[in-house]
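Here you go, one structure.
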């Protein structure tokens, strides 16, 4: 069932970013990552889409109610992206407007994250895979009630042909070669969100500056 | 081997709830979830069956002996459900009355939980899958001696075509759309058993009340 | 600095229950206990106060804002208890009305829980201890951002003469002897919230019933 | 690749027990289970073989050297079982005498445990599966250097058609029905090695005794 | 407050063993040690008392009810030790017969274990310390609902002058010198319950045997 | 030894912020917090100093060598703070210029963080406490090689009169009352670094906006 | 998809060792193994290649920049191995020189380790598997940002036909029989890097020496 | 009870190194650190003694029996140090020769490590402290049966005036200032045993080399 890696791997030209239910209410349910780490991962993934100009689709679930609005950081980054405000469907893929927006991106590879992992990510990820999309489920920019739930969702999605990854994999596949023009943007995202790498950059820069004197 | 999600997913019309050996003795063996969390999950799953009027089958193993009686909370919720009191079979599926009761529900999708996960859940779950049922094994409303045991049972059931999930997935698949009539009941279960969601509801309600003044 | 146990130990006649900032917003910050376990502990502690008719003081912090209202379960249990709605003070002990309400209970032993453990519980607990109260800080009915934070708060409170405990200790000190009249109420709380004990009771009752036949 | 459960499941008539390298030296390498728990599991598994009169094969690796002798508990339980003392082969299946001894049992279902899990268990387990045996790898009566190693070994064995389980699963499949004559022996093993179950038995027996008076 | 080690340390002549509420019901509540490890520790501690002929006091709490009888392993080891069956007092030290039995041992150093750690062990341990006994609380032969509870109980007992230890410390203090006559008995207990040490002994014995040939 | 809380507690008027060795090299040694969480905590603490205009002292250890430069985020926030670049002293308190800079703040309460916790934080923290300063050691904005190291450092500092806390405690003590003018700055820091609280704010703001319509 | 074990297993004659990006900068990103354990594993794997004279290929990614140079321990061990210094490709398999160097080894079984596991190891491992190589991914001599990332990478590689293992498995497959001439070298590596085994050897040697006297 | 830091802190002139029971048998009992990490820490501590020419005392317990010989790495490093081979005393401090050897060092500050932490380290550490020595117990170069045992031993030693630390603290106190002549030796130990720091050095050296070209 596994798609060969050569067919899986993302490029900015054939991928779209799909962010599902990153709402200020629902995100309170996330307990498989420490809060600061979870926020870090969500922002990093969103910035990657920006850095590579990926067509992006946003969706929320009953955002006028307890689930809360899309977090403002994402709205500010993607003011013009379609935002499908679902009136009731739990799986975004059950909403025709959402599916239409995804199809309208024209991309066949979907980078998906959603809260919660087992429901809001897993359901549409499996449905999209069933319809022929290559789906990367970004598990660490999604979130679940506990670790066992995350692991069962990973296993279930894998069995359905979805490819569970962490956001750094997405960064690496999209960048592919550090000589490509997006490198500074990727580097900046690493500086802010993969800080051990950022500190390598800082340390190196300091040496370069010393050398230049 | 994976069943496509579109074929897997539950609806209240095609699902039955099967609760195996939730007895006051056997449940003492559960050490992969903290006690309060385990009880929470079992009650939540049972209430979901109630909320959606699922045909339900209960079974116990030698409940006059050390295994103890079915916990009264479940009996009280399902006074009229068939309760198959197995005289000795470890796997409920080896008991003809149990299989007959399951078949009598007329449903082909089974939501199963059992204590312990590796034995009382895994054996009948794999047997039911082998006979053509779509089986959801609700791992967090089941329980095992330790985490490694849980993980091996999840892996073994998956390999046999069973779909291991947590109770929230069951809730989400049965509800499917928050506009359906079962929403208040699902909401109430979330309030009591997925308390972080319940608190979102409370917080929202308080705002609504303030707004109404 | 340690108070001898004979002086520490609680009795229903000399204790008051103080619940601080159990609000539907703030409680979302708790990540040192799984959500279902945390809710379980908070309700158990509140019911203990009820079972022993402890004078009880409730307080909230800016409950019309993001912190959210007192969770309705507590308000319903204590409709007549003083609820000090603090306008801004982070430590409840900085609020004169709160201190007055505590003093008005006439009790010198305080059973305190608060969210979060390191701030909303630890500050007033240390202040009360400094003023001569014997203070039990119920850590598992309080909650913190992570485990290290909980442990540092426990250590800090201990150094200040506060006695960090879990809710079961409170139950046991208040009950002291199972022949006292409060036993059925304590037993019922154990049945619901210390379920492994509850199952012992169920199992025993089933045996007794069988014996009686 | 998954064998249906109905084909997998063990019975005392078609199973053999294979214990690999449970030597007093090598067992010092086990760090994925606490020492007391590991010893408990090994003895429990060995007693199950005894209880069901399973043909048993023992093997050791260079037991005159640093690896140490077979632990005396196992030798005492199985004084007459073939003990293949391998002169050098790391995988027992590379030793012709061992394979002959396994074949001489006449059984096609092998219950295997070995120290270490990733090497001494996994290699012969995968080789036996490749030759058509149904192989249960008893992971908790085996042992590895760390948890990640255990998990990778479980995954690798599963991919090769081996069925990783814990010893309680073996007990349950061999017993199958508590009305079968082996029940008292299984119960005794549970009493000693699955002590939470043993305590249920004790508690029940006390009630029965009280009832009899 | 710390007692100097030279005053603390145990010897068989000045110590008594106090085992509190190791009953087949209550022991089901233990979740801070895996079940097999907990049983291992309790039996090891009991055997140490036997090996050194320590005066021993047993006590149970309402053992005709849900708490269950003293586990038979302990009763069998200490058929003649006083067993104080408390009718209702939660703290054994609140029972005069128990205190009298402890005093009757004539020892001023008490090796105490009890289930649960935070209540049945901590209360009498602190009371005994307050009355001038040197008290070793054997935490790993006691048991609690979770790890945080264990840690708070350890901290509370320490603050009250109790000395929390593990059973191996008790073994080492009682043995003190491997040339003393109790060495074979201590060695046998280590073989069965500190199995990594037992395997060192087996390995050494095998070498000795080889040498003797 | 414990200072009463009323004497401990910080206010912006009597506190200084001391940041030790947050260098792009040394920070690679931190393994007791996940990287993203550690960075989050360091930045939050630094912003708190800014929000309350605390006098701040920075120091680095051989920052032209492998230890690397002060991370640029801190330098940018505190361009005018004294930066003591130590030529070799491991404990900053062994450097006279550093001590002079600390004294020059005129404050007697020091909020200290340093990498690593056990050395660069613990040594000067204990020295400052010995000289009469009230010292808060901000453990989660410091970092150690592993958790056991962190815990031993916390215990050692506590024994020396230092008060180990997390950054949220610092925030709460400095803010003290949400009606004080620094509230919006504290709120903004919480929004970015205690994101579960930030989401409460967002959720509330959305409700307010809806109400206003 | 699984290759039978008989086809998988390594021998020194048909295997090559591929070490990817073990650079002094990138290795700072590893947080799924404690630092000392990670270093231990990397050196052990490298020594195994040496012990069995495996053709070895080294590669680095932009080693003049922040990623840092190949760690000197590896360069010193393999002064003559091809070192492909990639100018920008993230996946080594995207670099033609690297693939050529791998092919030039003439081996079809590749023992690969890389930092980080999810990117620098997983990408080329999956690409090599796709081109027909048998690939062992040595996960514990590679390293990732956290444990969940490691587990997802293991699962992804497995699905693509790669075989994730730990370094001890590599040692055991290469040695295969302790009577082969490489045994002393393997033994020496175990002594230094699988120290519990090394201590068995020391203990045995001491006995032998005593025996010889 | 706490000794002020200014009095505690080590210098090479006033310290001795005491290594207790690092024997190839007893070290098999260590389960609170992964094996490779434990070995790393023991060797690092021993090298520190060497680097600073500390007078060193070695001792073993019945090293001709199952406990095994002193590990050869330590003997090779300290061929001339007194090695007190205790015939039976469990606490080294009960052996007069050992105490005499310690006193003969003329030092009043003792850096002690021992296996196991709770017995072989804790007993003599507490005895030495009682006799007026300043004792640093190096917990991560010692080892225990499990983490709870380590933590109780740390707490007990602390209460007795011993100072539990990790080996890096010892390194930092002995070095004190990187401009002192021992710096290269300390640096080399860090390179081998605190590898994240070693890699900083490598990275820096590479930069320096590039700069020099």
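So that you can tell them apart, the chains are marked A, B, C, D, E, F, G and H in the order they are listed, and the count of residues begins at 1 in each.
Criterion: contacts are C-beta pairs under 8 Å (C-beta built on N, C-alpha and C of every residue); 3 or more make two chains touch, one makes a residue touch a chain.
Keep in mind that what you see is a predicted model, and the values were worked out from it rather than measured.
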Identify the chains adjacent to both subunit A and subunit C in the sense defined at the top. B, F
Spelling it out: a chain qualifies if it touches subunit D and also touches subunit F; which chains qualify? B, C, G, H
For the two copies subunit D and subunit C, is the contact made of the same residues on each side, with over half of the numbers shared, or of different residues? same
Chain whose Cα centroid lies at the greatest distance from that of subunit C: G
When F-G and G-H are ranked by contacting C-beta pairs, first place goes to G-H
Two copies, subunit A and subunit D, superposed on Cα atoms differ by a rotation in degrees, nearest 5, of 180
Report, in whole Å, the distance between the mean C-alpha point of subunit A and the mean C-alpha point of subunit B. 31
In subunit B, the residues touching two or more other chains are 1, 25, 28, 34-35, 68, 145, 151, 155, 194, 196, 199-200, 203-204, 210
Which chains touch which? A-B, A-C, A-F, A-G, A-H, B-C, B-D, B-E, B-F, C-D, C-E, C-F, D-E, D-G, D-H, E-G, E-H, F-G, F-H, G-H
Which bits of subunit E are touching subunit C when the two form their complex? 1, 25-26, 28-29, 31, 61-62, 65-68, 87-91, 94, 116, 118-119, 122-123, 126-127, 130, 145, 148-149, 151-152, 155-156, 159-161
Quick one: in the complex, what on subunit F touches subunit G? 28, 31, 34-35, 145-146
Give every residue of subunit D touching subunit E within the complex, in rising order. 24-25, 27-28, 34-41, 64, 68-69, 71-72, 193-196, 199-200, 202-203, 206, 210
Over in the complex, which subunit B residues touch subunit F? Could you list them? 200, 203-204, 207, 210-211
Mind pulling up the subunit C residues that touch subunit E in the complex? 1-2, 4-6, 9, 32, 139-140, 147, 150-151, 154-155, 158, 163-166, 168-169, 172-173, 175-180, 194, 196-197, 199-201, 203-204
